[in-house]
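What follows is a set of structures to go through.
Shared chain: subunit A. Partners: subunit B in the first complex, subunit C in the second.
Now for the complex of A and B:
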């Protein structure tokens, strides 16, 4: 436990030094703001780019605030997750390459504490970024399209957070098992796409599938998701996260010989 | 909504973009050995919106 907090401090320092603590939230806030803004100004944007012929009539229905928040989730699911994967792909693999790992591995190191400290710090930064992004997006949606109850948005954010935690665990395991950070990003991204694809193709009745968590989050906006499905999916996600912890610490220990000096 | 509130709403976007760009540029100038030529990263950071600074932070800094 003592080692965990010590390593956590090291992670925190590292995240400050490479500015991740600043730029990841900035990106998410930008993503959250841009979606409602571009939608609001869509007629002017089309007009100024001059794409329409004379006399064309274009009816753009004003999206409801709920649809706008769904669009923000969509952005986070694609660009947001890609940014997180790029930012944290090297957490373990890159450390082995840069030589920082050598300084750590020569000491009596608990690999469980090592892996957990990395996951905790990466998750804290990603969660805070995602929340700030949602809140910024929510404020702009409120400004341009109308109100959604705050409590619904908070419920949506809470549900989505479980998904982010799951993705971070997946990413760190990928980083622990791969030889370099590019490989880690490839593994994490293909697994992420695979989860979404299988869930989309075959998962109609898989109410417990963790891939449905973002969707359950959105259902909070228009009512309430099926509660047994929601808690089942969250339960399975938590179990998978624990399993990923085990795999990750094991793989980090196993690959410690790959460190470059 | 009147014109001024609309323009006020756009200000944060510009501020965040500028902040990211300046942050990346300052770090680039201080960085003794970026991953690739400095002038190339300078162009990427200034020209490519949003994505340029991210690319620099992710692959341009050698220690990572």
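Now for the complex of A and C:
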């Protein structure tokens, strides 16, 4: 535990000094704001870019606030996740490749504390970014499209946070098992897509799929998700996160010989 | 008393052998120089001792309470940390208590000559400063076994001298194993020499033992000219060589001693400039051993 906190402090300093603590939330805030504002100002945007051909009529239905929040989540699920993967793909593989890990690995290092400290810091920044981004998006949605009950938004965000924690564990494991950052990103992206694809194919029968968590999150906005499906998916995600901790710590230790000396 | 015993250590990558059947011991409080050309297996051997690499076969036995310090050949640091933050982290992970870690970090950085750069970010350090910081992180937790991979090769002559002096001052309390190819420096600080080539240990022993076995010392007499040198050789039956105005007499059981040579030179009133005892340098011995194997 002692090593965990000292390594966490190192991670915190790293994230502050390489500005990740600033630019990742900034991107998510931008993503959150962009969706409601572009939708709201779409007629003006079309007008300023030359307008429609004469006689053409474009009917744009005004989205409901719930639809707008769902669109924000959609942005997070594509661009947001890509940003997180690119930001943290080198967390372990990069340290090994550059040789900066060598001076830690020659010490009596607890690889469990090492892996957990990295996952904790990456998760904290990711969650803060997602929450700030979503709250910014929620504010503009409220301004332009109307109100959604805050409690529903919080329930949605809480559910989505489990998904973010799961993705970060997956990404850190990819980094622990990969020879370099690019490979880690490739593994993380493909696994992410595979989860989505599997859920798309078998999701109807497999209600406990962790890939369903973002969907369950959105269902809070229009009522409440199927309770057993939600808790089943969250339970499985938590178990998978624990399993990923074990795999990540083991892989980081096993691959210590690959660090540049 | 042995702090480390290495027995038949082997590291292979597929069919390629990086280290083959390496055996040696490190006695407590001694300095051992691991000498060899590039690709000899020095870094691989040190990495196995530092527990970064697992051997393919063989055994490394360390004394129970060994605390290890390791300096890689090209130490890499987190550029966004300051020198004191990095050494403090290194000390803490090595088990030093938080308050003590800060104190020891500052003391160690002062010891290696980085007192004016304690709070500077490592990213702004020069190569020489990084090498000093590398040494600092290796000794900050007061290890009793220090493994150093080419600790001085990246430094200029002044830096090399300073680091060698630092290492010598550590030798009292620490067992040191260091690899090098700067043999003049190795000659200065070594109780044991390990010569490696192609992953194998080709010679080992103390400097005295290795020199006794491989060095061919000789007495060199410098005459004023070549004729005087030839006259001297013609008037004596010793086995010797003439090179321009120099006469070289190998030191051996059958040859004369330095005393005898000096006596003859003084009685014969030869036309000489000087007399010197010439011993082979470690570099000459190393080249000879490597060529022979």
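One rule holds in what follows: the second predicted complex is superposed on the first by the 260 of 261 C-alpha atoms of A that agree within 3 Å, B and C clash if a C-alpha of one lies under 4 Å from a C-alpha of the other, contacts with A are read in each partner's own complex, and residues count from 1 in each chain.
Convention: a residue touches a chain if its C-beta (ideal position, glycine included) is under 8 Å from a C-beta of that chain, and two chains touch if they have at least 3 such contacts.
Keep in mind the model is a prediction, meaning the values are calculated, not measured.
Asks: State whether A:260 touches subunit B only (first), subunit C only (second), both chains, or neither.
Replies: Only subunit C is touched by A:260; subunit B is not.
Asks: Tell me the contact category for A:159 with respect to subunit B and subunit C: first, second, both or neither.
Replies: Touch status of A:159: no partner.
Asks: Could you look at A:98 and tell me whether it touches subunit B, subunit C, both or neither (first, second, both, neither)?
Replies: both
Asks: Is A:90 touching the first partner subunit B, the second partner subunit C, both, or neither of them?
Replies: It touches subunit B, and subunit C stays clear.
Asks: With both complexes superposed on chain A, which partner does A:18 reach: first (subunit B), second (subunit C), both or neither?
Replies: both
Asks: Could you tell me if A:10 is touching subunit B, subunit C, both of them or neither one (first, second, both, neither)?
Replies: The second partner, subunit C, only.
Asks: For A:123 in the superposed arrangement: first (subunit B), second (subunit C), both or neither?
Replies: neither
Asks: Kindly classify A:34 by the partners it touches after superposition: subunit B alone (first), subunit C alone (second), both, or neither?
Replies: first
Asks: Quick one: classify A:107 as touching subunit B (first), subunit C (second), both or neither.
Replies: A:107: touches subunit C, not subunit B.
Asks: What part of subunit A is shared between its subunit B contacts and its subunit C contacts?
Replies: Dual-contact residues (subunit A): 18, 98.
Asks: Give every residue of subunit A touching subunit C within the complex, in rising order.
Replies: Against subunit C, the touching part of subunit A is residues 3, 6-7, 10, 13-14, 17-18, 98-100, 102-109, 256-257, 259-261.
Asks: Note which residues of subunit A are touching subunit B in the complex, please.
Replies: 18-20, 22-23, 26-27, 29-30, 33-34, 37, 83, 86-87, 90, 94, 98, 136, 140, 143-144
Asks: Within the complex, which stretch of subunit B touches subunit A?
Replies: 1, 5, 9-10, 12-13, 16-17, 19-20, 23, 27, 50, 53-54, 57-58, 61, 63-64
Asks: Quick check: in the complex, which residue numbers of subunit C touch subunit A?
Replies: Going through subunit C, the ones touching subunit A are 43, 47, 50-54, 68, 70, 72-78, 80-81, 85, 89-90, 92-95, 137, 149.
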